[in-house]
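To keep things simple, chains are lettered A, B, C and D as they appear, and every chain counts its residues starting from 1.
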Amino acid sequence: MSLTTLPHGDPAVVGDDKFHEECGVFGVWNVSDAAAVTALGLHALQHRGQEATGIVTFDGARFHSHKGMGLVGDNFGDARVIASLPGPRAIGHNRYATTGDTVLRNVQPLYADFEFGGFAVAHNGNLTNAHVLHRALVRRGCLFQSTTDSEVFIHLIAISLYSTVVDRLIDALKQVVGAYSLVALSNEALMGVRDPLGVRPLILGRIGADASGGAGAANGANGGWVLASETCALDIVGAEFVRDVEPGEIVVINDKGVHSIKPFGRTPERFCVFEYIYFARPDSVMEGMPVYEARKRIGAELARESHVPADVIVPVPDSGVPAAMGYAEEAGVPFDLGIIRNHYVGRTFIEPTDHIRNLGVKLKHSANRAVLEGKRVVLVDDSIVRGTTSRKIVEMVRAAGAKEVHMRISSPPTTHSCFYGIDTPERGKLLAARHSVEEMAQLINADSLAFVSIDGLYRALGSKGRDAKAPRFCDACFTGDYPVPLPDQADNNDRQLSLLTESR
Amino acid sequence: MSLTTLPHGDPAVVGDDKFHEECGVFGVWNVSDAAAVTALGLHALQHRGQEATGIVTFDGARFHSHKGMGLVGDNFGDARVIASLPGPRAIGHNRYATTGDTVLRNVQPLYADFEFGGFAVAHNGNLTNAHVLHRALVRRGCLFQSTTDSEVFIHLIAISLYSTVVDRLIDALKQVVGAYSLVALSNEALMGVRDPLGVRPLILGRIGADASGGAGAANGANGGWVLASETCALDIVGAEFVRDVEPGEIVVINDKGVHSIKPFGRTPERFCVFEYIYFARPDSVMEGMPVYEARKRIGAELARESHVPADVIVPVPDSGVPAAMGYAEEAGVPFDLGIIRNHYVGRTFIEPTDHIRNLGVKLKHSANRAVLEGKRVVLVDDSIVRGTTSRKIVEMVRAAGAKEVHMRISSPPTTHSCFYGIDTPERGKLLAARHSVEEMAQLINADSLAFVSIDGLYRALGSKGRDAKAPRFCDACFTGDYPVPLPDQADNNDRQLSLLTESR
Amino acid sequence: MSLTTLPHGDPAVVGDDKFHEECGVFGVWNVSDAAAVTALGLHALQHRGQEATGIVTFDGARFHSHKGMGLVGDNFGDARVIASLPGPRAIGHNRYATTGDTVLRNVQPLYADFEFGGFAVAHNGNLTNAHVLHRALVRRGCLFQSTTDSEVFIHLIAISLYSTVVDRLIDALKQVVGAYSLVALSNEALMGVRDPLGVRPLILGRIGADASGGAGAANGANGGWVLASETCALDIVGAEFVRDVEPGEIVVINDKGVHSIKPFGRTPERFCVFEYIYFARPDSVMEGMPVYEARKRIGAELARESHVPADVIVPVPDSGVPAAMGYAEEAGVPFDLGIIRNHYVGRTFIEPTDHIRNLGVKLKHSANRAVLEGKRVVLVDDSIVRGTTSRKIVEMVRAAGAKEVHMRISSPPTTHSCFYGIDTPERGKLLAARHSVEEMAQLINADSLAFVSIDGLYRALGSKGRDAKAPRFCDACFTGDYPVPLPDQADNNDRQLSLLTESR
Amino acid sequence: MSLTTLPHGDPAVVGDDKFHEECGVFGVWNVSDAAAVTALGLHALQHRGQEATGIVTFDGARFHSHKGMGLVGDNFGDARVIASLPGPRAIGHNRYATTGDTVLRNVQPLYADFEFGGFAVAHNGNLTNAHVLHRALVRRGCLFQSTTDSEVFIHLIAISLYSTVVDRLIDALKQVVGAYSLVALSNEALMGVRDPLGVRPLILGRIGADASGGAGAANGANGGWVLASETCALDIVGAEFVRDVEPGEIVVINDKGVHSIKPFGRTPERFCVFEYIYFARPDSVMEGMPVYEARKRIGAELARESHVPADVIVPVPDSGVPAAMGYAEEAGVPFDLGIIRNHYVGRTFIEPTDHIRNLGVKLKHSANRAVLEGKRVVLVDDSIVRGTTSRKIVEMVRAAGAKEVHMRISSPPTTHSCFYGIDTPERGKLLAARHSVEEMAQLINADSLAFVSIDGLYRALGSKGRDAKAPRFCDACFTGDYPVPLPDQADNNDRQLSLLTESR
């Protein structure tokens, strides 16, 4: 019996056989209690990262920062912490770390004093030439305090020869390659940036603008502005959705309003399709499409493509629920909760000995025998990554008396790794990269297994199918078609960024 | 903005306007890794108490104890803790504290050294003459270290004139009045007791009895035994359900097997009906009835009694889901997830200023506009206690564009407090104790409100209705018919048990 | 390299080869800020115990308690803690634990609710029949929460058939055997007790009695009272020494004044002589004799008995300083600081590997070469227990260039263990119990070694020598003459008081 | 009663009315267990800084770092921490922070990845043009992570156009102004630097070089090297003193031995005289003079200059002891311990209310009445800074019955602030800057007061007196003669280095 420390005590994500989103960002301009509003926004974005969180505010004279490991509520629930973050402008970040080096100095937002004032930045996503740039900057005499992409960005701004923050920001953006959304706060403005292809989401909202007020009733007559990774972060603070920030767009927000800059010209959008499948919260709306609606439609498409006779449609909770409902409705078969989820999982749990393992312990899922016994069951889940959890769940459902167990997946087979800010295993560990669907069915011990097709996925999202020449989405994890170049991957040099190992 | 420390960082319970179960118990006899098995059982019973947890084991020579505040996983996930609890016999406890004095000395199991050996005990429920007995014991010279009912029980055993543990246990049981289940561990035996009316649940299971072994492969040839509050705690450790412990029964388990004693003769069962409505985990089976099934049937009954024309049936997650499914099926109206639940709630959260409050912040629920907009919505929840949450939810659903909002509740109005081990507000704070259903509908701002009738509830659970002379259940919270006497309530003396205030 | 956790992070005591005092007590009646005054008194008594500390106050209606591991300043430096302890009456305790079971439940003062009110007690010393009484009490049905002597005492009071607290206290005192001083606080009075032979010290003082006031300006016109282990605790709070509590005396303090009770009749005093040699603080006065003065006189006696030609007299700091000064003055040889003490020792330190050990690492002492080089050195220390430190110090002094090193000890050889509340090794580990003085000199590598004689010790303290029939002091550690009976030592039964092992 | 958090729980320094040393440094090359050896060396240098500590090691491939707040023993007593710092080369640092911003990122050694490898540095002292350089570097695009002088130094190295580390080091040294000693560790070498005037100390030692070995038995045949602020850090690890690093010297240590570089040419030494008076440990030897010896000689000089008839010479412990001994010997008056020091002061202590303050509470000193009563007392202390403690001590001694109290100080009046790495109050708060000696005597309530003269001080240290043209020492705090320029003081710009306030 040995100890496993979970990376972030997250009831919904940890230990799942899932891809994991790598961060959520939030920013506000001109709102009372900006730190509290930002904490609430980050709380709504908690599913995008549970490992660490931070907020930087600006009170007109000084910047104030607080960061910590763990959940937003654990770090910003203390009123004294909120009180230590004065000012009507703020940015915040939720972190999901892909690498082991989760030390406090890597927690965002990062902050730097420039000659012309302070600058804080937080990003969601990944620079695909961060290592190449890092080495070049060190060669020039730059000292790095973290190993995050954001710091590469800050150094580029620090050494830029342009004089205004916005010009330096554009200068820096032109040197980086990647899939990212970022929010930044200077003495003068709140800024939001979305990468040229719009792979990662970023939306713009308005807070406290109307006379009826609410807490958002901001200092200025014109109310305030919000930037966030998803619309659910607007809802929690009573803000109003304005629009998605556009691919390649910089929005510069100050008391005069929102100024839009498009330094990259027009670029074809390639929004991450996995946001619809799993990452985004179901009550968010992305690029005009409600995520919940999208998931039900993918489930319906899945039923049309691969239904088998069955007595009950059972979701793998919680993420499989909407697709299962869409599937059940389309198939005309009852939807029922045959698997119960235990949300009480603490920061650590017992790693079973072989002895205990044989008990078939499931800490997070349990079978609801009343629903399963004697039934032909279709299980609906959103994805299979390594396949480990799928096999356990199929066996648990069989042990509860199911006659047949058919697994249906509301995404195509995940055959490629993501380099755009998502935590995925190396390709060799992706079950679908090494096995046919038939083999996979056997491996997870299901009577049958089917994935929605790539065209089916596009149909569900409103296209006729995938247009191979101009796909609407980034679907590299299913197709291997990587729309953003990968310089770091091509770079054969040693990937180690620091000679230092720090113990704390 | 001020700080609220939640009692137990529980995503499912804290801050809900619910009755709260006051504890879960678990015990094992003759199983390898008894402490690990008990930790898993307690994890499955986490919904019955998240404030504190403890395990006592016996290794044949010495007893070993570990207790802590918080979740099972947080306290027993560390392999060194499990290693400090050797032996094949154990009992454990999850605590939900009703009073403020949550100090470690009140965390169960309690332990005492008797002349004839050690004795540990943990209980679920409440002694209704604990104060009366406490005072009498202090008068006799007994020193109390905790303010828990269990310690009253231990003192009664300590001063009993009988010589065996079991005789002393019976002697003590005859002096206490209450609704309780308890598990106890002595040098000689594991014991389980259910109160004479069987208000609180306790079940008996078998572990590792077959030759195929598994982790339960116990020391003796005959395998081991398990006692637990619910069947879901058997499932997680691969144990097999044997039977409910009977009302008023003592089971004494040792290597010879299970010995049953019924010191109170035959008594009519009055099992707590709220276990079916809300307390128990949906995948448990209680008194032969699957809880999930019971909830769907109550929902169906509710639909038969009070359906109104509607476009969608929406559960208040998570507890309202099964009843809403039963309702939707019976009413022939689509079931859909119009409310999304955020499970990432840390140990503390921001207590809003008036300012923030006006934003209508909902930390745990958010509206899924895609499902609600323009619809006539029936919301299904399991109960209304103070009504505070209900009003917020109705308003959130309206704000998301619902045309009509009808609230349906899968329990009768809760008009009376519980004194049998459930955390309920004083009667004056129960909305239904002060208002008619019509008034309540107005107060929560619903277009209509209906509760399942008491007879409907009994019908759903397999009776023709409530037999006023011989009701099957304890339903005192709906009817005021208290089956167990309440000596402490009648006792007018000062209720304060200790003159000491301890700061830590 | 492995970790050693020191029991109490104490710069003066830990790791020394010394006997260790086992506790200090303090109590006040009728003083403003009683908790703060008690914290200051305990701070002055910190040398009597550094492992844990606690204070109980009474505000006229309720008792308030705070206890913690570590130093007084670490536990009671926080104004919020002091504020949580209201009332003009208090008792407090510093603990030095002899056994491993330092868990919070063993930290004093202990508290119990009796039928007639609350009762808190703290003691310095040891009951020599505690185990015998413990077993008898358990047999009677008493439940123990700690394994301390104080709890035996509380149970005896709880079950006494007398009706007043004082009568019950006397009843309990007549049943216990031991060497102890205790302070107790009930709803009605502050009580102080010294054992019949007066082995352990306890003194009475007056605080805030004069019109000039000061912080002690108490509520009542008559000022307040203080009980303490030593006079240094009076000095820090500006209290005035009144008298030593007499052997076998109970003082009962209330608003009417101090009432004296002598339930044991007249008994010959046997005050612990080691208080003069090492335990007490040098600025305390015990039984009329200033401790500092006593130590210098013992040093002078030592010089008269065993001086050798030398160039410098060097104390082993800090405790050897006064004796070395007395020695130097008597011998007419310069006193100088040849050994420097490092007071910065944290709670843990590096336990050296063999590798590091060879470096001759001395964490607490370093040689002052300027004083030692080429000199004939007389080192003066107060005692040799195991001899381990002595050898290291002699070698360090030699390595710094001393030509000769003579060790002089200001106590007779310690040949017997103490059972009266002092932490001593088993007899077999006392160097002087197994070796002649000549052998000891060789073992510690000194050119010569001498101890003050037992008669010399008595002479220094004002007697003609030790009167074998009626010795003034308890000197059992030098003579084996134990004045208080040792029932627990005679009792052959198993000494284990609890079957429970608790991990925290 | 309010809470005071002491900066560093230091028994010897906190709350004293003293100047405070600002750091100790230590480095080793080629020794087994380099991290453990460094921890021991830092432990011996603990008096030079108790606020925070850190060690960086290099194992030939990677650097390893651990830093923490508090004492060396508290941070490096854990064997797992030592094990996380492999390699035979290390540098370490003890920090005493003058400013409030004691956050972990400011704790030394600082580390940076350069193009050519890693580089760690720790310093004792102060750069007097750090702010000027900081601003210039930020203007150039450098990002600062700390607000320490060391980071200025690292940036200068990073941006230097020279190619080797040593050339870059020299390049950087030529740009900084100040009084400092530093140790640095690169992939290639251990380096030590002392400022051109040699204000701050640094010594070179040899470890494990002889065949007899000891723990220092290093990997190479030639043994290893040590750099340290004081010789006492050599003694604790069994290293041998080689020589003082010379003013303005760079020593570069690698497996070929020690290479000396003197980039500044020859400069007149101005060693800090206060090291002899108070900062250094008494058993250290500085510039050839044992510190203990120096202090006794200053005491003797003081007696010659200003003795008055007296019965006893009493030191203010601990720092006043050697001077008092020298004084007593010269004056022919008995030396005795009239003041006892309590070393048990925790991290926090009670800040008295007015109420408690009137009690005259002394947490760290108590009067030894037996020595003082009825006597004419000469108190000897090393310095008076603000005078607050002196007055309390004089009054305590009077209250203990002294007939006369004469204060003698073993340094000249401190009339000027130090800018060379010592924590001193602003000039306006120095008692001697505002008052004559006569006024000071009245203010501290002494019958007489005298300081050693500046010439007397020089005489005691072996000169004929102070040579105004070529003083041997830096004595700016007594004379206002600042030998190192003060560019930052002249710089009128805003002194704030960062716009960020970080809460943790």
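Operating definition for what follows: a residue touches a chain if its C-beta (ideal position, glycine included) is under 8 Å from a C-beta of that chain, and two chains touch if they have at least 3 such contacts.
All of these numbers come straight from a predicted model, not from anything done at the bench.
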{"item": "Length of the shortest touching-chain route, subunit B through to subunit D", "value": "2"}
{"item": "Any chain in contact with subunit A as well as subunit B", "value": "none"}
{"item": "Reference subunit C; chain at largest CA-centroid distance", "value": "A"}
{"item": "Subunit B and subunit C, separation of their C-alpha mean positions in angstrom", "value": "51"}
{"item": "Subunit A-subunit C separation of Cα centroids, rounded to whole Å", "value": "62"}
{"item": "Approximate Å spacing (C-alpha centroids) for the pair subunit C, subunit D", "value": "36"}
{"item": "Set of subunit A residues in contact with two or more other chains", "value": "none"}
{"item": "Inter-chain touch pairs (all)", "value": "A-B, A-D, B-C, C-D"}
{"item": "Parts of subunit D lying in touch with subunit C, wherever the complex brings them together", "value": "1-4, 10-12, 32-33, 36-37, 39-40, 43-44, 46-47, 50, 70-80, 82-83, 213-217, 232, 235-238, 281-283, 285, 290, 292-293, 318, 321-322, 325, 329, 334-337, 340, 342-353, 355-363, 366-371"}
{"item": "Subunit B contact footprint on subunit C (complex, rising order)", "value": "61-68, 81, 84-85, 105, 111-115, 117-118, 138-139, 141-145, 154-155, 158-160, 187, 497-504"}
